[in-house]
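Which chain is which? They are A, B, C and D, in the order written, and residues in each are numbered from 1.
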Amino acid sequence: METTTDAAGDHLVQRFRLAEAPFEIAPLRAALLDARAGAYAGFEGWVRDHNDGRGVHGLRYQAYAALAQAEGERILAEALERFAIVNARCVHRVGELAIGELAVWVGVSAAHREAAFAACRFVIDEVKARVPIWKHERYADGAADWLHPDDQPR
Amino acid sequence: MDRAATDTVTVLYFASLRDAAGVASESLPAQGDLRALYTALRGRYGFALPIERLRVAVDGAFARWDDPVRAGSEVAFIPPVSGG
Amino acid sequence: METTTDAAGDHLVQRFRLAEAPFEIAPLRAALLDARAGAYAGFEGWVRDHNDGRGVHGLRYQAYAALAQAEGERILAEALERFAIVNARCVHRVGELAIGELAVWVGVSAAHREAAFAACRFVIDEVKARVPIWKHERYADGAADWLHPDDQPR
Amino acid sequence: MDRAATDTVTVLYFASLRDAAGVASESLPAQGDLRALYTALRGRYGFALPIERLRVAVDGAFARWDDPVRAGSEVAFIPPVSGG
């Protein structure tokens, strides 16, 4: 992945990325392989054919890209601080997605499985709660809507 | 976006706010605080979301509703997110 | 994967498998893709270069294959009963493995992430506790040993 | 393995038990219960693991130590497992 530079001029690895087109998981997972790591936990969010009992034909994600990137990086940095993990990455799609397409991917490597699972769960929970990305669903009945869940902001 | 103007603010709209406003962004006079700005725009465009359900960001970082609207800045209203 | 036949003659999907050679994850993951599933949780166990502070050069897994297969299938059937998941699979390597090689893989698809994570964790925990597979480690200092953890059997 | 014999049992060894026994399996007279069988073999081969740390399986299914050793069956002693 590319690198960014922080205010102090240090080169930082880019751990969070917005993808405008379908992306491959294999190279992302491969970048997490490490001789120190005995455990890898991964999460993928896929576009389902229904939501709350309503048929879904497709969807679109819109992001406030600058803030989404910054907030995503913050979440992955927090995961690395909080959990005994080796590495973590997340990629989130934006744009039009069809049923069955990959919407979000999280990968975490760690010495032990406990931390790998906990950090992976933390990252996807925080991304869903904090990163400025919005889902627009098109329904089987012809309707379409932006999803603005009730429990936000927190 | 008119970031060069010293007396205006650029406002970004997302998701249902963008649909209601009919534009992705616009340049507006910089005056009052962020709360007053959203309240005025909600009145103009009929945004469904009350301010309690939004967050607000200035120049790409989260901000407080009491912050003044700074001329030359970029303000984004953040509806409840639904990524993932 | 192949199918097995239970006592009543019903054809059952084989969800657990022992692999004598390196295996590809991509087709296993692809088999879990489902339009009903919005979430996928995966776990991988890799061979680390150390264990309890000791340098590890490589290892070998030995299995009681007949019972390992039966017990592995039981664990995956239990996961499908206990959690609201769509599908689950597990493959465990046997034989010689080098540092960084994949030792075990678990994949779970579900409508929601909560169940996907919980079931994935359940499967790897139960496989490690119950399936008759033994690890033989070769250490940097020339020693080698079978691992028989103290907290077994439970 | 001599599964056809009606008066013998096939015993399978794994991991440290296999190393200590020097064989993966052997055919032995079928007598007593599974507990007595392991105790006798532990005496013969010097297995480090006490019976409390093992499980036992007969014909591919977990069994009880009090079960009799059935002629023609296949007995496996299961040391603490370490897969994953």
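Just so it is clear, a residue touches a chain if its C-beta (ideal position, glycine included) is under 8 Å from a C-beta of that chain, and two chains touch if they have at least 3 such contacts.
On a predicted model such as this, the values are computed, not experimentally measured, just so you know.
The set of chains in contact with chain A as well as chain C is empty. Distance between chain centres (mean CA atoms), chain C to chain D: 25 Å. Computed centre separation for the pair chain A/chain D is 50 angstrom, with centres defined by C-alpha atoms. Residues of chain D in contact with two or more other chains: none. Annotation for chain A: residues 45, 124 touch two or more other chains. Contact between chains, using the touch rule, shows up for A-B, A-C, C-D.
Here chain D touches chain C in the complex through residues 12, 14-16, 18-19, 49, 53-55, 57, 60-62, 76, 78-84, going by the rule given at the top.
Within the complex formed with chain C, the chain A residues making contact are 26, 33, 35-50, 99-100, 111, 113, 116-117, 120-121, 124.
Across the complex, chain B is touched by residues 45, 61-64, 66-68, 70, 92, 103-104, 124, 127-136, 146-153 of chain A.
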